[in-house]
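Some structures are shown below for you to check.
Next come two complexes, and both contain subunit A; in the first it sits with subunit B, in the second with subunit C.
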Partner chain A sequence: MSIGASNPEYVNARVRSRRASLFADEDYRKLIRMGPSEIARFMEETEYEREVNALGTRFSGVDLIEYALNRNLAKHFEDLLDWSEGRLYDLVSRYLRKFDVMNLKTIIRGIYTETDPEEVQTDLIRAGELDDRTIDRLLEVDTIEDAIEVVSGTIFYESLSAAHEEYEETGALVPLENALDREFYEHLLEDVSRSPGRTQPQEGPEARYIEFLQAEIDFRNARNALRLARSGADLDPAAYYIEGGVLFDASDLNRLVGDYDALVDHIAENKRYGDRLSGALGRLREADSLIQFEHALDAALLQYADTLSSIYPASVSAVLSYILAKEREVENIRAIARGREVGLSESEIEEELVIL
Partner chain B sequence: MIEALDIVLQNGEAMSPEAAENLSVGYAEAAAALAVGLAALAAGYAERGIGAAAVGAIAEDDDMFVPGLIMTVLPETLVILALVVVFIVG
Partner chain C sequence: MAKDVKPTRKNLMEIEDRIELSERGHGTLEKKRDGLIMEFMDILDKAQDVRGDLADDYDQAQRKINMARAMEGDVAVRGAAAALQEHPEITTESKNIMGVVVPQIESSRVSKDLSERGYGIMGTSARIDEAAEAYEDLLESIILAAEVETAMKKMLREIETTKRRVNALEFKLLPDLYDSQEYIEQKLEEQEREETFRLKKIKEKKEQEEKEAREAEADEDDIEIDEADMEPPATGGVPGN
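Moving on, here comes the complex of A and B:
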């Protein structure tokens, strides 16, 4: 844990200013009518200018957009970590570790498929807590075992080495990836809610922060459960279950995955999320649109973070809401660019977007 | 004030009217000084947060310099109002 006073005022002012310069919904409508190269040109006139110019000589079309987006995202989130101090740094960094998880997964998969490190490198989003030197060393190693040694000293080491044995037996990457995910989510709530000698705060910004993280975990569980139920895949739901949420416990999940309607009912009956998601749940019952429901989950989470950031102006919630909004922007632009590339119609692309 | 205290120490048993007058003026001035000091401390504490936010805003957008400056010095009115106390008492 970092020591020293935290500086939410400073970080909040900067974050809110950046939040205001994100793309508005009208911009997406404009982007939907453009081709990939037009989108790249449009981005050049916005705050992605530097990234588009830097990468413009090496890539073109959708690749250019994608890498520029990733790089910009990494730049902004690195800034967040640079600015924040003390307790605020703790709270922000534990959330941004999801990029560490993503990068480690990418690197491990790269090693597994013996991809050229150069190519792996362009896919990384260097926004997490792992510093550049560690990542560069990870890119140099040839075996997964060595990669795990490189991350010794980080929170991922123990669970990765445990999962490595299983990997050696089965040769599948799933245990390693699950270990990373689980480690991330378990640390998310660590020492804010369950530390010994400290009771969980009931009100105030920290309590809401916990509620937000629980919502994130719940939605992740709900998403996994719905996907399992929908695909009918014969997988053990417990292997994908993440602890810490309030919507499911492990036995609920085992029972509900077999019965799709009961699962939807279970979500609708929950008093914390039922109202907020009622529209999306209705659509989920009628149509086969899992994607729309997942987007509704994203939108609900985003709105929730926004509400929090106006209830507690000088807390971590404004930073969280910015992180979510920025991710949404990047994902939307990527969806538009990819959609145009494969020739989807405008209305089809619009369905892929998360618009509030 | 120290003078006033000296008088108290010297005239332990009986206090002349003059000395009592001096003493009360001394106490009043000490109280006024304390009021200004505390107000300045409070203003400083308030400005800490506002200043941090203002610097953040200016870092993102140079045009925020003037609004930021104004917002930052607003709590200074606390000290000015506390200064009034000095004149009322004095």
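Moving on, here comes the complex of A and C:
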């Protein structure tokens, strides 16, 4: 909840020091040549020391690395929320709600499959807005209906309640998971863009922030549209459309999902993203896999975030850029460790997994 | 075996019947064995293809899931997998290939579209889709391989059994029957010869006895004549003296 005035200067000062301790490109190059246990040892001498030591007795190998990375990520993002106040808190927390969504999905899946709550707890990344008490209560409930009651008072309650009826009918988690994701994306641009009585800023840090969030929504829409087009499943594209982006509107999506090539052309012709994604789109036309395209989308999003932080270093954009950089670090280390574990070559890891 | 059988005509007829039946069975089994081998070769080709596909699908599935675990994290991949409780269903029927009952496995709900995989589409990625799809393909291949390889094993077992039967007929049963047949025939011939000889001997003996009887009779007649010649004539004297 936002209390008091926004404090981007203070938070940015703290974020800058955190950003300085992120792994550099040379560190990744070193990691790529190491095995999982060497990576864990390397992490012990860095920022991740406390988490690796704390979890070392319970986990080993790549699992230790992954859980240590998740716990460290959660710690850093919790700090961000602790430091932020006022509007900055609102803007940061709405982005970090993706971890709430992730945790809620994990808990609901745990209830659905009757998994031991201890195991479910291990998989949570407590980096979102939901406090520990709520999460602990969620871990104690036995039914999905009770879990929804526990989150009453959050933005997820209404959409989950609505989706619960469909869940009751079908017995599948899809409506609940989609409801959570939709709630997250649709709240991203809440009261910063196109809201009643407010005009969308055209320049300045908030305009860039909106541009970044629009890119995130557009990229999510593009991924989902391409996945739907590829799968050939009889699904209503409108049900998976997230409002707020500039790449598609609902009618575009309905029209394009049936024609894969036209969909790729539509993305390529977009002024904002066409050039950034041209290479990936070219490969996408020929390749069977969407993975390379998703990789390109991730890289483009990170590029956006880096641009944001350099243009407006004392705004929410810089905080957002740090969030993405930290996530990228965690993803890269995890990708290297998992890649080494399964015997992928250095070049494969560098080309297909790591985003530098 | 040949010595165990009683050398009677009835047994010979029985053995001849068994030989006829065994020879017919041997021919039929030989044809069955050859037919099974031909069917087996077809199945073997198919099994080799299926095995190859299975290995490729397994490599592909492992690669996809490794990529998904690397990029999305183990937690996300496990979470997506846990979002589905429904299991694929398998029904087995059977079909008959030259008397061998082999399974025919029908699977349902193995390949799923995006909406049927249980996890939400909005918050997941193509990496998870492709890993799920690769594992669905792998499962299809495993089911096909199970069907083909079970058929192959059953055919192989049947070929072995048929081959053993053919060999048993060819190298054991039929030679024994032929030996028994030959033994009985020889014995019967021998008995026949003995019988003929015996009859001949009886006949000779009989003839000898008859001859002797005739001679004895002839001798008796001669004595009677001599005695009559030596006796004096009764009253009235002998006419002619």
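Observations on the model:
The rule we apply is simple: the second predicted complex is superposed on the first by the 344 of 356 C-alpha atoms of A that agree within 3 Å, B and C clash if a C-alpha of one lies under 4 Å from a C-alpha of the other, contacts with A are read in each partner's own complex, and residues count from 1 in each chain.
Keep this in mind: a contact is a pair of C-beta atoms (placed from the backbone, for glycine too) under 8 Å apart; a residue touches a chain by one contact, two chains touch by 3 or more.
As the structure is a prediction and not an experimental result, all values here were calculated from the model.
Superposition model on subunit A: subunit B and subunit C are shown accommodated side by side without a clash.
Using the contact criterion defined above for the overlaid structures, shared-chain residue A:185 touches subunit C, although it does not reach subunit B. With chain A used for the fit, subunit A forms the apex of an angle whose arms reach the C-alpha centres of subunit B and subunit C; rounded to a multiple of 10, it measures 170°.
In the superposed model, A:70 lies in contact with subunit C only, and not with subunit B. Contacts of A:307 after superposition: neither subunit B nor subunit C is touched.
Once chain A of one complex is fitted onto chain A of the other, the partner contacts of A:121 are absent, as it touches neither subunit B nor subunit C. Subunit A is touched at more residues by one of its partners, and among subunit B and subunit C that partner is C.
Once the two complexes are overlaid on the shared chain, A:14 sits against subunit B while remaining clear of subunit C.
When the two complexes are overlaid on their common chain A, residue A:331 makes contact with subunit C while staying clear of subunit B. After superposing the two complexes on chain A, the shortest C-alpha to C-alpha distance between subunit B and subunit C comes to 29 Å.
Annotation: subunit A has no residue touching subunit B in one complex and subunit C in the other.
Residue ranges of subunit C in contact with subunit A, taken from their complex: 62, 66-67, 69-71, 73-76, 78-79, 82-85, 113-116, 118-123, 125-127, 129-130.
Those residues of subunit A lying in contact with subunit B across their complex are 7, 9-14, 17-18, 83, 314.
Only residues 62-63, 66, 70, 101-102, 105-106, 109-110, 112-113, 115, 123, 125, 171-174, 176-178, 180-182, 184-185, 220, 223-224, 226-228, 230-235, 240, 242, 289-291, 293-295, 331, 334-335, 338-339, 342, 344, 352-353 of subunit A touch subunit C when the two sit together in their complex.
Against subunit A, in their complex, subunit B makes its touches with residues 49-50, 52-57, 59-61.
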